[in-house]
Amino acid sequence: MILTPLHLCLILSSALFCIGLIGALTRSNAILVLLGIELMLNAANINFIAFWRYGPNPEAGTGVLFVVFAIGVAAAEAAVGLALVIAIYRHQRSIRLQDARLLKG
Amino acid sequence: MSLPVQLLWLIPALPLLAAGLGALTPRSGRKLASGAAILAMAGSFLLSCGALMTALADPAAHLVHNFAWLDLGEGVLRLGWLLDPLTAFMCVMVTFVGLLIFIFSTGYLHEDPNFTRFFCFLSLFAAAMLGLLVANSLLLLFICWELVGLASYLLIGFWFHKPSAAAAAKKAFITTRIGDLGLLLGMLWLYDSTGSLLFYDGGQGVLEATALGGLVAQTTIGGLAVSTAIGLLIFCGAIGKSGQFPLHVWLPDAMEGPTPVSALIHAATMVAAGVFLIARVYPLMAVDQGLATTPLHALTVVATIGAITALMGAMIAVAQDDIKRVLAFSTVSQLGYMMLALGVGSWVAAIFHLLTHAFFKALLFLGSGSVIHAAHHEQDIRRLGGLRGPMRITFVTFALGMMALSGVPFLFSGFWSKEAILHAAQGWNVSHLPLYAGLAAVVLTAFYMTRLVAETFFGSARSDEARHAHENSPVMTVPLVILAVCAILLGFIGTPAFPWLQSRLMGQTEVHGHSLFEGGGLMVLSIVLVAIGIGSGWALYGRRPRTTTSALDPIEKISPGLFGALRARFGFDELYAATVGRLNTATAALADGLDRYVWDGAVRFLAALGEFAGFVNKEADEDVLNGGFDATNDKIRGTARLYSAAQTGGAHGYMRTVAIGFVLLVLIVMLGGGL
Amino acid sequence: MIGATSFSPLLLAAGAGADSFLERLPLVIRDTVAGVFPAPLQWLVGSTLSIVAIVAIFGGIFAGLTLVERKMLGRIQNRPGPNRTGPMGLLQPIADGIKALTKEDIVPRSADHLLHYLAPVALLAFSILTFAVIPFGRNLVPLELDAAVLYFFAAGAASELAIFMAGWASRNKFSLLAAMRALAQLISYELPLLLSFVPIIMLAGTLSMTGIIDAQAGWQLGFIPRWYIFTPWGFAAFVIFLIAALAESNRSPFDLPEAESELIAGHLTEYSGFKYALFFMAEYFGMIALSGMAITLFLGGWRAPLPFLEFIPSYAWFGAKLLVLLLFFIWIRGTFPRLRIDQLTRLAWKFLVPLALVNLGTAAFWSLTSGWSGALQLVRWALTIAMVIGPFVLLGRGLSGTHRPRTYRYA
Amino acid sequence: MLGSGLLQGLKVTAKNLVGSFHDPERLTTLEYPEQKAKLPENYRNFPFLVSENATDPMGTLRCVGCQICEKECPPQCIYIEKSKDKKPDATGKMQVYPVVFDIDTSVCMSCQICVEVCPFEAIKMDQVFEIATKDRFTALLLDRNQLAKPNSYYHEIHPTEAAEVDARLLAERKAAEEKAKAAATPKPAVAPTPSPTATAPKPPEAPAAGGTPAP
Amino acid sequence: MTIPFLIIAFVTLVPAAVAMALRNLIHSSLLLIASWAGIAAFYFWAGAEFVAFAQVLVYVGAVSMIVLFAVLLTRHTRIDAGLAPDSIGRALAGLLAGGAVFGVLLGAVLSTPLRVGAKAAAQVPVKRLGLELMNHHTIALLAIGILLTVSLLGAVVLAATDSKGKGATP
C-alpha cells in the first residue's frame, strides 16, 4: 500500500471530520455542537481541494469553485445557526442541547 | 450640431428622466422638480434642433434606427426611431411650446400644494408625446399614444378633488379609448397582413411600396381595399385623440384641468397626435386613391369628418360663455381644418396649420390662463370685461393670437396656413363641400374670436374679480410675448412666395417659388370673409359692450332657438348619455341581475344539496362506521407510541444514529461489495 | 524610501527608465548581501532581508509619525508641540520608546494571561502581514500574489480577533464592552471599505496589486495620469475608502473604541507599558498599510504624477504619496470631533454602504460606455458625475437632515 | 451641501497649521522654564517676613515676635520664639525680635490670616510657586532666614499693596513723632490728631501693649 | 513536500481536538479559529490561493466574530456544568460512534488505491475563476447571493429581541 499525498489529505480530512463529529456528539453546549458541524463541513472542503489538486484535471477549477460556494453556504449556516442558538437561549435561558427537547415524541 | 438618429431616443428620454425625478421628489422639492422638468425640456429642445439639422440635411430621406425588442420565437418584434422632416419639425414645435408652457406653469401653479406632482405629470406627458413623434413603429407609437392618454387623464384630473375635473378626466380617457380600440384593431390587422409594424425599414416597412402594394391589392367586406379598412380603423384613433366629430365631446370638458394643461393638450401635444398620426401613415391612407373599384376612399372619410368638425366646432364656439370653452371648441374646429386638409390630399398644409396653430393656440390658452389667474379663477366672459387696461401685455398678446386664429391677412401665421388649406380644398376634385364648410368656418372663427376679445377685454369690469385683476409676473408674461412673436413670424416659413416648410416637408432641399395658391380669388374671398366676421362681431359685441352679467347675448335676442342649440352644443352630450350611457347602464343591470339571482341561486341550491347529503352521511357515520375505526385507531396509536419513544427530541441522539447508520452503510458497502 | 532622500542632481540623467540604477538599487543591495551566503540559504536570507527592511523602515516611519503627529496637532492647535527631547524634540520617539519599555507591565490578577499576552502580539503580527503584498516600488513587491487584494483584507480581518482577545482577556467588563463596540465598528466599516474598491477590481479585471497598478498606467490628454481617482466614480470610491479606512484604523474622528478622553482607552484599559505601545504600533501600521492600499488602488501606486517626473525612482513616489496621505490623516484628526456611536453606525449603514453600492453601478456604466468618444465622452462624464453627486446629495440629506431629539429608554 | 462644513473645518485647521510657522504670534504657549507668565498682582502663596533692608535682613525685620499670627494660624504652621533682649529695629527703636520664626509650608494653606492680623505689617503673602523639593520633611519647613525678604521684593510682587503699607507706616511714624513732640512740649493736645491717621496709629499701640506681657 | 503538510495537519488537528475538549468556550472558539486558519494554510499549500484567502476572510474574519458574539451573548447559563459532557454514558457513546466513523473512513481511504494525477499543481488564476463563476455558474452564484441575503435577514429576525420584553418566566 502506497501512501500518496492524496491519501494523506484524505486522512487529514477524515480525522478533522471525526473530531468535529465527536465534538458534536459529546458536547452539550449548542454552540460547540455547531462548531463541530462547521469542522465537519471544512473537512469536506478539504476533500474537494485534495481531489481537485490531485485529480486528473486540475485546470478545470471545479473543486475550487465548489469550495467557494461551500464557504458561502457555511457562512450563512453559521449565521443562522448561531442566531437560532441565541433565540433558544432567550427562550429557555440555557443553551444545553439536552434542554431543547420540544420535539420529543 | 446635428443629432444622429441612433440617439433620437434622448429627446423623449430627458423629460422621462425628469418625470422619474419628479415622482421621487418630496413635496417640498418644488425647485428641484420644476427645474429638472424645465431643464430636461430645454435639453430636449436643443436636441430637437439638432435632429432638425440632421433631417434638413437630406429632407427626402427617412432616417431610421431599428432594433429588436421582443423575441417572439417565430419572429422578432422590432422597434425603432424615425427621423424625417415631419418628426423633426414636430419635435421642435412640441419641445419649444412645451418649454414655454412649463415656464408659464411655474407661475400659474406656484401656490398649488401638489406642484411637484404636476411637473412630474407634465414631463411624463411631454415624454410620451415625444416618444410618439420619434417612433418608427406603429407599436411604439401606440404605446406612447396610450401613455399620452394616461398622462392626459392624470393632468385633466389633476384637481381631482373637484368632481367635475374627475369626471372630465374619466370622460377624456374613456372617449379616447373608444378611438384607440380602432387604432389597436387597425394595428393588429396591419401586423397580420404585412408581418411588420415598422414604418420604414429599408423597403420592408409598412409605409413602403412593397407592403402598400400588397395591402391595396387585397379586398375585404364590401369590396373595401384592406388598406382602406386599416386606414379607417387607424383614423378612428385619430378621431378620438384629435376630438373629431363624433368623439369631440371630451375636449371641451378637458378644460377642467389647469390651464397650462389645456394649453399643452390643445396646442402642442395630444390633439396634434391624431393629425400627426394621419400625416405619418399618409402613404397608407392615400394608397387607395387611384383605386376605382372601392366604394370608399379613406381620405374622403377624413375630409368629410374634418369638414363637419370644422363647421360644427366653429358654430358651437359662437355661443359659449366660458373663455376656455370657446377656445376648446375653436380647437375642435381648427383640428377639423387640419383633418380636412389631410383629407383633400394636402398633408403638408395640414402640418403647416398644425405648427402655426400650435403656437397661436398655446398663446391664446396661456393668455386665457393669465386672465384666469389674474381674475382669481373666474372663467365666465360675462363676468369679466374691461381687462384691456390693467392687463396690457396679456391683452396685446391675446389680441395678436386672436388675429392669427381669425386669419387676419398677410401679417399673421394663421392666415397663411388657413389659405393653404382652403386652397387645397378648392383643388380637391371630389367635392367642393369641404371648401364651403371651411369658408363658413372662417367667418364664424373671426366672429367668435372677436366676441371673445370684446367680451373679455373691452367694456367695463362686471365683477369684483375682474375689477381687481392685475398683470401677472414676468414668468407668465414672457412666454406669452415669445409665443406672440412666433405667432406672427412663423407664417413666413410657408408663404406662397417662399414655401420653405412645404418644400422641406415634401422632401426637397430647394425652395420652389411656385405659388401654392394659384389664382388670388380665393384669397380675396377669404379676406373678405374674415372682415365680415370681425366686423359683425365688433358690431354686435364691441360697439355696445355688455354692461351687466345677466344681459342677454345679442344673438340670443335675434334667435333664441339657434343660440340655445349652440349653447347646448347641439346636445351631443345628452345624446350620448341617452344612447350609449343608457345602454351601458342597462347592460350593467342585466349582468347584475344575472349574477345576483341566476348564478347565485344555482350555487345556493348546490350548497343546500351538499348540506343535506352531509347530514345523511353523518347519521350513517356516527353509528355504523365509527365503531370499527375507533378500534383500528387505538391499535395504530399504540404502535405509534412505541415508535415515538425513539424520538427523544435530543439532537445528540439523532446525530449518533446518523453516525452509526453511516458506519453500517460503509461497512456493508466495503465488506459486502455493494448492496 | 531611504534612497529617495539621498537623491542627488547628478543622478538625474541616469535615473530615467524602469531599469535605472536607482530603481534596482534595493534589489541590488539585497542580492549582494544574499550572495555572500551559500546558495541553498540565499532565498531565506533574501526573504529575511526584505522582512527586516520592511519592519525597520515602517518601524522608523511609525516612530517618526508619532512625533510628526504630535507636532502637527500642536501646530493645528497653535502650540509648538514636543520640542524638549533633543533638537526640536526629534528624540521624542526614542524617549517614548524607553518610557514604554521601562514601565511596569500590569496584568490583572484574574485576566486570561495567555490571551492577554497574545492579543497585542497577534494584532501587530496581523498588521505587519498586510505589508506583504503592497507594491512599494516598481520592483519592490514583497509577495506577488494573484489574489493580493483578497489577501490584504483577509489579514486585516484577523485583527478584529486580536481586539476581541484584548477585551476578553482583560477580564474587565468595560474592556469587554469596549471590545464589542470596537468590533461592531470594524465590522460595520469593513463593508463600505470592501465595496468601495470593488469597482476598481471590476474595471482592472484583476485582484493582483501589480495588475491594478498596470491598469492605471498612461496619461489622459498627455499629462493627467490615468489613476482611478481621476474618474468621478473613482473619486467617490476614494472618499468612501478613506472614510472607511479612518474607521478601520480607529483614527479620529472614528476613534470611539479608544476614546481616551471619554472611555479609559476602551479595550486597552488593562494594558500598560510595552503591550500598550504594541497596540499603538499596530494601529499605526494598520493606518500605513491602508494608506498604501489606497495609493495602490486609487493613486496609481508608485507611478509618477506627471510624465516628466518619471525619472524619480518609483519607491520615492510611493513614499511621497504615503506621506501625503498620512499627513492628511493627521490633519483630519486635528480637525474633526469624535462621532457618537449611533452617528458612526448610521454613517456606515445609511450613507457609505448605499453610496458604495450606487458607485458600483456608476462604475459599471463607466465601463460599459468606455467606447464612447468625442462629444459622447463629455456626455459620459456628465452622466457619471451626476450619478455620483445625485446619490451623494440625496443620501446626505437623510444623514444631515434634522433629527428628532433622541429619547433614551433607560435614562 | 453635505461636507461643506467638514471642508470649512479643514480650512480653519490648515490655516492654523500653516499660520503657526510664519506668524509666531499665533502660538499661545509659554515655554516655561525659560519664559514665565506674569502673575496677577493679587496672586498669593505662602507668607514671608518683610525686612526693611536687603543687606541686613535679620537686623531689619519688622516682626517684633508678638506671636499673634502664631495664635491665629488655623493649621498652626507658625512657630515663634521671642527674644529676651531688645535690638534696635529699622527705625532705630529698641524692639523685641523673633529668635526663631518657622513656617511649615507643607501645612500652610495660604489663607492670609497671619497677614490680616499682623499689626506691624511684618508678614506678607509671597508669590512663589516653584516650591518642589526633594525632601519633604526639612526642606518644606522654612526658617527665619529663608522667610525674610526685603521690602523692595514686596514692592516688586505687590506694588499697589506695598505702597499703601509704606504710606501707612510713614504716617504712623509721623504721628508717633508728633506725639512724642507733644509729650515733650508742656501743652498736650490730644484732640488735634490728623484725621487720615486717626485709625492707623491706634492698633499698633494696643497689640504692642498686649503683646509684651504675653510670654 | 510532506513536511509542510504534516505541520499544517498538526496545526489543524490539534487545536480542533483540544477545542472540542476544553471547558472554556472562548478558548475553544479561539482554538477553532486557529484550526480554520490551518485549513486555510492547507488550501494555500495545495495551491488554491483564492480559497485560502476566502477561508481566512470568511472564517477567521466573519464566522469567528459571530461565534464569539454568540458565546458572549449566551454566557452565564444557569448550569455551568453544561459546558462539559454531563453524562459519561453519552460521552462514551459519542466517542464510540465518532471513533467508529473514523475507523471506517480510514479503512476506506487506505484500502482505496488512488492514482495521483500526473500533472503538476496547476494554479488557477483568479480571473479564470471569476469568469467561470460568471459564465457557467451564474445561477449558483445568484443563489448563493440570495441565500446569504436571506440568511442574514433571517439571522437578524431570529436574534433580535422582541420589543415586548422577555417572554420566558421561570
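Per-chain numbering from 1; labels A, B, C, D and E assigned in written order.
Rule of thumb we're sticking to: a residue touches a chain if its C-beta (ideal position, glycine included) is under 8 Å from a C-beta of that chain, and two chains touch if they have at least 3 such contacts.
If you're wondering where the values come from, they're calculated on a predicted model, not measured in any experiment.
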**Prompt:** Minimal path length between chain A and chain C through chains that touch?
**Reply:** 2
**Complete:** Disregard chain E; the chains then group as A, B | C, D
**Item:** Distance-maximising chain from chain E - centres being C-alpha averages
**Value:** D
**Request:** Point out which chain occupies the most central position, where each centre is the mean of Cα atoms.
**Result:** C
**Item:** Contact pairs, highest-scoring chain pair
**Value:** A-E
**Item:** Distance between the centres, which are taken as Cα means, of chain D and chain B, whole angstrom
**Value:** 101
**Asked** In angstrom, rounded to a whole number, how far apart do the mean CA points of chain A and chain B lie?
**Response** 65
**Fill in**
chain C and chain E have mean C-alpha positions lying a whole-number Å distance apart equal to 30
**Item:** Inter-chain centre distance, chain A versus chain E - centres from mean C-alpha coordinates, in Å
**Value:** 5
**Residues of chain B engaged with two or more neighbouring chains** = 652, 656, 659
**Complete:** Multi-chain touching residues of chain C, meaning two or more other chains, are none
**Request:** Identify every two-chain combination in which the chains touch.
**Result:** A-B, A-E, B-E, C-D, C-E
**Complete:** The answer for chain E against chain C in the complex is residues 26, 30, 33, 49-50, 53-54, 56-57, 60-62, 64-65, 68-69, 72, 123, 125-127
**Asked** Which residues of chain E touch chain B in their complex?
**Response** 90, 93-94, 97-98, 100-101, 104-105, 107-108, 111
**Message:** Touching residues of chain C toward chain E in the complex: what are they?
**Reply:** 112, 115, 145-147, 150-151, 153-155, 157-158, 160-161, 164-165, 168, 176, 180, 183, 187, 190, 205-208
**Prompt:** Along chain B, where are the residues that touch chain A in the complex?
**Reply:** 643-652, 655-656, 659
**Prompt:** Inside the complex, what are the residues of chain E that reach chain A?
**Reply:** 1-2, 5, 9, 12-13, 16-17, 19-20, 25, 28-29, 32, 35-36, 39, 42-43, 46-48, 50-51, 54-55, 58-59, 62-63, 66-67, 69-71, 73-74, 77-79, 82-86, 90-91, 93-95, 97-99, 101-102, 105-106, 109-110, 114-117, 119, 121-122, 124, 128-129, 132-133, 137, 140, 144, 147-148, 151-152, 154-156, 158-159, 161, 166-168, 170
